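Two complexes, one shared chain (chain A), two partners (chain B, chain C).
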Partner chain A sequence: MLFNSIEFVIFFIVVTTLYFLLEHKYRWFLLLAASCYFYMAFVPVYILILGFTIVIDYYAGIIIEQSTGKKRKSWLIVSLFANIGVLAVFKYYNFLNDNLSFLLSRAGRENPIPYLKILLPIGLSFHTFQAMSYTIEVYRGNQKAERNFGIYALYVMFYPQLVAGPIERPQNLLFQFYKKHSFDIDRIFNGLKLMLWGFFKKLVVADRLATYVNAAYNYPENHSGLTLIVATIFFAFQIYCDFSGYSDIAIGAARVMGFDLMKNFNRPYFSSTVSEFWKRWHISLSTWFKDYLYISLGGNRVSVPRIYINLFIVFLVSGLWHGANWTYVIWGGLNGLYLVAAIMRDKLLAKYKLEIPGAQTWAGKSFSILFTFLLICFSWIFFRAANVDVAFQIIRKMAKLEGPLYTTYPTMFFCLLSMVMLLVVEVKQEYFNGAFSFMNNRSPVVRYSTYLFLLLMILLMGVFDGGQFIYFQF
Partner chain B sequence: MVFFRKILILVVLLLAVDFLAGAVLKHFYFRQKSGIDYQTIYSVEKANEDILFFGSSRAAHHYVPDIFADKYAMSAYNTGRDGNYILYGYCLAKCIFERHQPKLAIIDVSRNEFQRKEGSYDYLSSLLPFYGNYESIRDIIDKRSRFEPVKLFFHTYPYNSLFPVIALNVIREKSKALNIKGYIPLYRSIDRPAKVISKEPDYELDPYLVDTFRQFIKKCKENGIAVAVVCSPYFDKYEQEDATLIKVKEICSEESVTFLDYSQDARFTGNQKKFDDYNHLNNDAAKEYSAICSDTLRILQHKIN
Partner chain C sequence: MEKMDIIKFIKRTLLFFLAVFLLDFTAGHAMRYFYFKQNSGSLYRTTFALDSTKAEVLVIGSSRASRHYNPEVMQEKMGMSVYNAGQKGNHIFYHYGILKAVLTRYKPKVVVLDLLYDEFKPEQDSYDRISTLLPYYDSHPELMELIQLRGPYETIKLRSRLYPYNSLILPVINGNLGLDKKREPEIKGFLPLDAVMADSVKKNSARVEYPLDSMKLKTYEKIISTCKEAGISLFIVFSPAYLDDIISNYSVTIGREMAVKNNVPFFDFAESAPFMNDYKLYSDNVHLNSKGAAIFSRQVADSILNHLKNPR
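After this line comes the complex of A and B, so read on.
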């Protein structure tokens, strides 16, 4: 079930109403049943895969907690193996087989291994990572094993964040299922406002920009370098609004029922370094990789060259997490390179006690933000392109800058208008947070006018036939 | 109680604003003087020509009404619209036939037109402003999505994404396209050689689209309108017959309707000078094609009048 559908609006109203009508002790069951229904609206049979990992992780958690030494470790490995195994089969099997076919064809041989004709279960990487964080935290002793199977299943399947995060940690979410949430009007309105802003970002900005981006990126051979540059910048905003819009709706929907999910985005395009960008973009995944991979590789306690290698590995894995395609690996590798280069630069500057002239001025900071944005945009080319060849074809075309800019009046008008509205809000939040507030203004006239304006914009400019969220495929 | 009062206020305000904005948009939508929507408005509400062309952009760019008008000594209008296919054409026909019966209806069909694919009814959004006034097309428009009638509860929904276009077309005078009776000329020549496509992926036919096509023909016949089905030329060379065209041929044969297949006509296919892009003839070629097509179709003349 897509958040941007009438089905979801009905589902949300029904589930939330029942949630507050039910006694506290039955609420977890309602949420679990609702989450199963939500997930089964995509491909029903895939709930069995989810069920398989839930059962293994549930028992693994209890056994890990009760045992010591090798047994403890081996059950962690069982759990990780089950989760990564599911990912490997459903997400990476055909990719690996593709590469094997390519290598064998170079040697003039045919690949005897058959391909699997399977669809990737929606949001597999998200709930797999959330499940893995549970067993790792139990193993590390930071989380008690959950004894109630239903509550543990709900931790993995909680519908607002089931298919595209935020990827929660057990310490933050599990205990909330035991807390009694009262009907708090302020909190409910807070959640609804966040959902409204999320819908605006998805329907008005992301899906609108997608019409231009898809036209250019699906047929790059028919478009000029200038068009592809504009499409890449638009894609940067599209993917941001698509994913952060989803996160806002998820966090808002959970908040309405009394749950606090972690913040996933913090206006990432205002970052002045790539390192800062990764602290503001998909925070739940960045911190997951930091907590469970980077630190496991040695963190900052190893030699400087090893830190560089570890960072690079983390970003390569992050790229692969996003999709089984070399484009994602290059995207991750590029971001890893940016980060390593930035650390090396900072170390050199510190060593020779140098400062970049004007770096702290308004102009210097603006330049840093713009430069970081352009670096990120460059990496998005690989993220969006259908394959590596197409990505390089696009880059070559961009370098030539030949040909006219593809514009159709309404498309360009809506794209620019939606981006301006987004930027007005984000600039205000970033630099003038204490200043005039629209949604939280003390005057009900301003508040209600803002709600109505956003709703009207969604009705007038929203793309209602838009597709699913980009991150669902991961 | 406070919560429900707040929600109620918001809902009432939203409905009021939606009603007002919808009324303003409706007012200006039907007062457009140019543009693609004007052509739809004209087709639905005013078209009274003897010969009407139905189809997608390929119809809009391939049939020059003046040439047909000269050959038949009748008036002609091209209702073809970019990105709109058989469902759009059938809806237009239903609306038009309620008040006017042309003498000849020419339906242009495309390769893959009846392919079952996700979102293939989305283009019917171009007819949403007519949903309220034309009951006969509601069941077709409702196919867009399960909750289409719910969405249409909002008065602004039919005009979604249209306000900048409406604003422009209310001010802008009649376009050149309109002056040539719905035909939209293209002037470039394609800059790549034709591809030889030996095999295209197989696809499943959408039974609803196939049935609509059959209903379209029946509707014409019920109203005493002569009907011809045509597939206009393609630039690329297809070595395999298309499933849609096979089905079209079959239905035309069953319904005793003329089907002319120019999709691989050697006078056009593969000729870079005659195509604006891989799907559309340019203006000179469209005139040539219209002359050829109208000559061939004259065999139908005995059915007219």
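After this line comes the complex of A and C, so read on.
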């Protein structure tokens, strides 16, 4: 079930109403049933995969807590193996087989291993990572094992964040299922406002930009370098609004019922370094990798060259997490390189007590933001291109800058208008947060006019045939 | 406290929905007014095709139809009035919609359906594009059957007065100000292209079979049966395209077979002279320019006339 569908609107109203009508002790059951229904709206049979990992992780958690020594570790490995195993089969098997076929064909041999004809279960990487965070935290002693199977299942399946995050930690979410959430009107309106803004970002900005981006990226051979540059910048905003829009709807929907989910985006394109970008972009995944992979590899307690290697590994894995394609690996690798290069530069500057002239001025900061944005945009080329060859074809075309700009006037007009509206709000939030607020204005006239304006924009300019969220495929 | 909150919530929500209803009603009616006040542009051409044309020969199809069939050239050859109702980006559902709506007003003598390559390929976009017909859902109830193909909730969505005009604000402004007329001259629905293709490289058209969209095939059959029942001479045409191996396009092959089976004349210009090798007759690989369109219109008019005089 897509958030941007009538089905979801009906589902949300029914589930939320029932949630508040039910007694507290039955609410978790309602949410679990609703989450199962939500998930089964995609491919019903895939709930069995989810069920399989839930059962393993539930028992693994209890056994880890009750055991000592090697047994604890063994059960952690069982849990991780089950989760990574599911990912390996459904997400990476055909990719690995593809690469094996390529290598064998180089040696003039045929690959005898058959391909699997399976669809990737929706949001698989999200819920397996959320499940893994549970057993790791129980193993580390930061979280008590959950004894109520239904509550644990709900932790993995909680519908607002089931298929595209935010990837929650057990310490933040599990206890909330036990808390009685009262009907708090301010919190409900707060959640609904966030959902409205999320819908605006998805329907008005992301899906509108997608019409231009898809036209250029699906047929790059037909488009000029200039068009591909514009399409790449548009894609940067498209993927941001698509994914952060989803997160806003998820966080908002959960907030209406009284749950606090973690913040996933913090205006990432205002970052002045790549390192800052990764603290503001897909925060729940970045912190997951930091907490469970980077620290496990030694974190900052190892030698400097080892830190560089670890960072690079984390970003390569992050790339692979996004998809079984070399384009994602290169995307991750590029970001890893950016980060390593930035750390090396900072260390050199510190060593020789140097400063970049004008770095702290308004112009210097603006340049840093623009430069970071361009670096990120360059990496998005690999993220969006169909394959590595196409990505390089696009880069070659961009370098030549030949040919006219592809414009279909309504598309371009709507794209630019939606981006301007987004930027106005984000600039205001980033630099003038205490200043005049539309959505939270004290005057109900201003507040309600803003909601109506956003709704009008969605009805007038939203793309209602836009379809899936990009991050569902991960 | 909680009870008070619930009452407050219900009051505020009701008030908000009332405001939404008023906004939707007002803005929707304003959009409707300006939509039907247009006197030029692509949206206006749909309105004209549905509500005004009385041409004896009606051309239906996608952008290839609107760029390829010059009504003046055809009229001169055939001695019958011609209107080109081709609409860019649209597919078989739209063409059938035009035919259905036109038949509620009058009966053309001849209908020319320009078949698009890969027309029967399953693509969501073909269904999304039925949105072109949304503004007519209340004035043309015969279109509802097609509109509902967009999805199961279309009737609910159409409760909103603004929904049919989603994404149309800019084209509606243009259509009212006549900006399109200056940029893109129109001759009875025909939109000539002046540009000449830059090089003679033929693009590959993949010779692949794909699962066919049963709904599109059904709609194609409906066009054939509707014309038969109404006693209209239907001609299905595959107009020229500067693509390699286009003659074996799977959809065109299927379309040809179905036409033959139903005794409907099918004119295939895929490999006809002079279009096969003269790139200067094209504006791009799939659209003829005005020079190419003039030659093609004469040829297609000749073929239709010959067939009308000597039906086989």
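The working rule: the second predicted complex is superposed on the first by the 474 of 474 C-alpha atoms of A that agree within 3 Å, B and C clash if a C-alpha of one lies under 4 Å from a C-alpha of the other, contacts with A are read in each partner's own complex, and residues count from 1 in each chain.
Throughout what follows, contacts are C-beta pairs under 8 Å (C-beta built on N, C-alpha and C of every residue); 3 or more make two chains touch, one makes a residue touch a chain.
This structure is a prediction, so every number in the text was calculated from the model and none was measured.
**Student:** Given the alignment on chain A, is it a clash or a fit between chain B and chain C?
**Tutor:** With chain A aligned, chain B runs into chain C, so clash.
**Student:** Pick one for A:F29: touches chain B only (first), chain C only (second), both, or neither.
**Tutor:** neither
**Student:** Answer with first, second, both or neither: which of chain B and chain C does A:S182 touch in the superposed model?
**Tutor:** In the superposition, A:S182 contacts chain C only.
**Student:** Classify the contacts of A:I6 with the two partner chains as first (chain B alone), second (chain C alone), both, or neither.
**Tutor:** In the superposition, A:I6 touches chain B and chain C alike.
**Student:** May I ask you to decide whether A:L456 touches chain B, chain C, both, or neither, giving the answer as first, second, both or neither?
**Tutor:** Touch partners of A:L456: chain B and chain C.
**Student:** Touching A:Y115 in the superposition: chain B (first), chain C (second), both, neither?
**Tutor:** After superposition on chain A, A:Y115 lies in contact with neither partner.
**Student:** Both chain B and chain C contact which residues of chain A?
**Tutor:** Dual-contact residues (chain A): 6-7, 183, 185, 188-189, 409-410, 413-414, 448, 451-452, 455-456, 459-465.
**Student:** Contact residues on chain C for chain A in the complex?
**Tutor:** Touching chain A: residues 2, 5-6, 8-9, 12, 16, 19-20, 23-24, 27, 124, 128, 131, 150, 153, 156-157, 160, 162-163, 165-167, 169-171 of chain C.
**Student:** Can you tell me which positions in chain A touch chain C when the two form their complex?
**Tutor:** 5-7, 182-185, 188-189, 409-410, 413-414, 448, 451-452, 455-456, 459-465, 467
**Student:** So in the complex, the part of chain A that touches chain B is made up of which residues?
**Tutor:** 6-7, 183, 185, 188-189, 409-410, 413-414, 448, 451-452, 455-456, 459-465
**Student:** Which part of chain B faces chain A closely enough to touch in the complex?
**Tutor:** It comes out as residues 2-3, 6, 9-10, 13-14, 17-18, 21, 119, 122, 125, 144-147, 150-151, 154, 156-157, 159-165, 168.
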